[in-house]
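Look for chain A in each of the two complexes below; its partner is chain B in the first and chain C in the second.
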Partner chain A sequence: MPSTSIWTNWHETVSQPVLRFEVLSNADEARSTIAGYKVTNARIQRLIGEAAEKGVSIRAVGGGWSYTRVAATDGIMLATERLNYRFALQPVDLQQPYAPGRLPVLLQCGISIADVNRYLAKRNQAVPTSGASNGQTIAGALSTGTHGGAIQFGAIPEYVVAIHLATAPDGRTVWLERASHPVLRDEVIEALGAEPRRDDALFNAALVSFGCFGIILGVVIEPAGSYFLHGSRAVYKLSDAHWNAIQALDYAAAELPLAKGRTPYHLELLCNVLDNDRSLVTALYQEAQRPQAGPVKADGSINKGDAALDVIGALAGAFKGSAAAFAKVLSRAYAPYENIAGTPPEFFSDTSTRGRSAATAVGVPVGRAREVFEIACGSLRDHQAPALVSMRFVKPTKATLGFTMHQPVTAITELDGAFSTSTRAAQQTLWKRVREAGIPHSFHWGKLNDLNAQNLRLAYGEQRVSDWIAARRRLIRPELRRVFSNPFAESLGVAD
Partner chain B sequence: MLNSLPAVITLLVALSMATERAVEIVKSLVPWLDLVRPEPVSEGRRRAAIQALAVGFGVVITYLAWPVVAQVMAASAPKPSTVAALGLLASGGSAFWNSLLGIVLNLKVEKGAEARAAVESVATRSAVLPNPAEGVVG
Partner chain C sequence: MKMLVAAAAACVATSGCMQYRQKALNVMPAPSSDAAVCPDMSHGCGKTVWALGWGVVNVGEPPAAKCGDVGLAEVTVRSMPLTFLVSALTVGLVSPRRIEWKCAAPTPTEGTLH
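Showing the complex of A and B:
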């Protein structure tokens, strides 16, 4: 069948001819209503039916944030970013008691993390963690296991406690929760047009399922009470003692800025290899009240909380020449700061930076953090790539194929840069060397990787992959599995 | 694929021309290689020798030009198999690669026009998104 549209992702690494690109919207965009939510869900089910009839696959795409073809299909693509209803849940709706400040909320699939932050702020709540940039939708960020640097918490799947899915063109939709952690009362679930299924294995598999478990209609998240982040970014000469302390989770011995004996809430290391290995550490501490400190916003267009990629994206267009010169500019843009404080969205704001860029993230157990960080720096140096190496740390996920799965803490090495042959070569070298070194590893689903059927099983293990496939088979009828698949899933050998 | 093909073929044209030039230099220094033989067996040997020479020069020139080759082929270190394959392709002669380049460029122009006529470019992230008021479930 001929394509009618070509879809391009946000970072301009994927260009996908698509049979039909459907921009979804709610009938009433001014108020969040359950009636409107159900009408939209019924429309999505009809589109699933259309995909099944035509023998093509269907995928939802949110912010288009992923660098990989994870959201792409040549069948029907659903743009969900206008589906941003938000619903307060009351104690009467819930199966278990919650503190008033921690009451969960139901979010429609297309709401962006930035919008979630704004909404929760009005409720004196906050997301426990988010990515460094917040353009992703909640469903997209969940489905790819997006993470921040919340060393004491984990990644986005850790605060999702219910998932509402359309798994078929007919019948009721599916409401997934953990049996060990039921959230909504059955009558409420039925009022949403869904059928409750409480199953830990199924839920954990569906958390990070990149569209293969049906179309996510909405999710329930458990927010944190509002909090502030307070900290510094400082030049940091990474010594043996520092690495030993970080790998042993002994942060007091890591000589982090503003530590005062505390464990940081957010920890990030960064190395600008081509600028004489200039290294920085960002340590942010959680505070209940706004501390006496400077504001988050920096002069100029680059914010303090931005990840390495955003900074590079802002500069990549202007500096296509010498990588070394680029590195110097990058060091000036990515400068230290001291004693600043703000809310999480003030640090990790929505970004409008756009440009062709290349990013990869490799998760490993924290005990191998130094080894992988040095491999990444060596790969970048060997290829003289206009890029940065950074590392963040998060607690392990419960998601079956969540890439932040490593115990006791996952260290995530990122090699992000302007899209160039040398950046791509450096990333490929990193993957190869990590594999050759026999280091347990995993790849971010939404960032560049070389996963295929063999590498997937090498990274995640046969057991996790089999459990995930078995869960999918329990949820999706055989004739619809191809509908909720795409070439990316097929290349991994998980489509049937 | 169609986007990168012209660059790859252009590279092969350049390698082929360099190979031909090197073979011509050797032929001018070795009369046995330059003179066409009336006897079929002897002429066959001469042609085989020129072909072998072209392959050898193709491989050597590909290796020497590796920094440029690596950029076009998105490769890193030169692998013997890749160098040998490119050397063999380069020995095929620039006329062949030139004609192929013409065909591919024409095809690309036609495909581009066809695509522009048939498809609409789409991307997510609208400029303005709705901001609905909070609802309640119960």
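Showing the complex of A and C:
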């Protein structure tokens, strides 16, 4: 069937001809109402029916943040960013008591992380973690296992406790929860037009399912109470002792900035390889009250232009030496700071990255962190790529195909930069060397990777992949499995 | 010189260069109801407009953005090397620019399940 438009993702790495690009909106965009929520859900079910009739697949897309084709299809794409209802849950709705100020909320699929932050702030709550920026929708960030750097908490799937899904064009929608952690009372779920299903294995598989388990209509999250982050970023030469301490999770011994014997909430290592291996350590600590410290950042008068990454990527391809010059500029952008405090949204705020960029993230057990960090730095150095290497640490996820799955903590190595042949080559070298070294690993679903059916099973293990497929088969009727698939899922051998 | 040529080539080959953006505070961009013709998550909707005779006549101005009850989240004015060249050669008599815009996502009030 002929395509009618071309969808391009945020980072301009995917350009997808689409049969139909449907912008969804709630009938009443001023007030969150259950009646409006159900009307929108019914419309989504009709669109699923249309996809099934035409024999094409259907995918929801949020912020378009993913670098990969995970959200893309040539069938019907549903833009969800206007679907941002938010509902306060009350004790009478819930199966179990919650502490005051910790009541969960129901969020419609298209609400952005930035909007969630603002909404929760009004409730004196906060998300326990988010990615480094805030343009993703809650459903998109969940479905790709987006992570921050919360060593003691985990990634976004860890605070999602219920998922409302449209899995068929007819009948009731599906309300998924863990049997071990029921959330909403059955009569409330039924009032939403949904059928409750409580199953730990099914829920854990659906958490990170990149559209293959149906269209996510909404999710219930358990927010944290409001909190502040307090810390510093320092130029830091990581010694053997530092690495040993980090890999042993002995942060007191790592002598991190402002540590005072505490484990940081967020720890990030960054190496600008082409600027003489200039390394920085960011350590942020969780505080209940705003500490006496400076603000997160001051406005600057000189900013990176939107075309910066495009121009740098092209120059790096044309001139071998230009990447080193770019590295010097990057070092200015990543300046140290000391004794800074703010809310999480103040630290992880609106992205400044525009233009064509390339990012990859490889998760490994923390015990192999140094090895992979050095492999990444070596890959970047070998290809003289206009990019940076960084590492964050995240508590393991319960999601079956969650990228942050490694025990006891997942160390995430990122190699991000301008989209150039050298950056892409450095990323491919990183993936190859990690595999050759026999290091247990996983790939971020939303960032560039070379996953295929074989590499998926090598990374996540046959058991996890089989469990995920089995869960999907229990949820999605056989004739609809292709409707909730796309070429990305087919290339992984998980579409049927 | 070679670097300048490469940079110019990069601008032409990619999304363009020399762009300026004004954003609204505390809103996030979202597709508008006419996004079927501009489903570009990075640039939003866009149109090339022409100012003729130093601004006496504007040609090709886009219709009002279909943003529902909310306004625009951001507007970008983009100059590409070719449009810059046309403006320079005609001393501003013919001055094309690319305008891009994104609607703001609505911010509904909080609801309850009852």
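Definition applied: the second predicted complex is superposed on the first by the 472 of 496 C-alpha atoms of A that agree within 3 Å, B and C clash if a C-alpha of one lies under 4 Å from a C-alpha of the other, contacts with A are read in each partner's own complex, and residues count from 1 in each chain.
To be clear about the criterion, a residue touches a chain if its C-beta (ideal position, glycine included) is under 8 Å from a C-beta of that chain, and two chains touch if they have at least 3 such contacts.
Keep in mind the model is a prediction, meaning the values are calculated, not measured.
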item	value
Chain C versus chain B on the shared chain A, clash or fit after superposition	clash
First (chain B), second (chain C), both or neither touched by A:V188	both
Chain C versus chain B, contacts on chain A by residue	C
Chain B versus chain C as contact partner of A:Y85, first or second or both or neither	both
Chain B versus chain C as contact partner of A:P478, first or second or both or neither	neither
Partner chain(s) touched by A:P17 [first = chain B, second = chain C, both, neither]	first
Partner chain(s) touched by A:P100 [first = chain B, second = chain C, both, neither]	neither
Partner chain(s) touched by A:A425 [first = chain B, second = chain C, both, neither]	first
Shared chain A surface residues [contacts with chain B and with chain C]	4-10, 18, 21, 25-26, 28-34, 61, 63-64, 79, 81-82, 84-90, 92-93, 106, 112, 115, 119, 135, 188, 191-192
Footprint of chain A on chain C - complex, ascending	2-3, 6-7, 9-11, 13-19, 21, 26, 28-33, 35-43, 68-70, 76, 105-114
Partner chain B, residues of chain A touching it in the complex	2-10, 17-18, 21, 25-26, 28-34, 61-64, 79, 81-82, 84-90, 92-93, 106, 112, 115, 119, 135, 188, 191-192, 383, 421, 424-425, 428-429
Footprint of chain C on chain A - complex, ascending	4-12, 18, 20-23, 25-26, 28-34, 61, 63-64, 77, 79, 81-82, 84-90, 92-93, 106, 110, 112, 114-115, 118-119, 135, 188, 191-192, 305-307, 310-311, 313-315, 318-319, 322, 354-356
Residues of chain B defined as touching chain A within the complex	70-71, 74, 76, 115, 118-126, 129-138
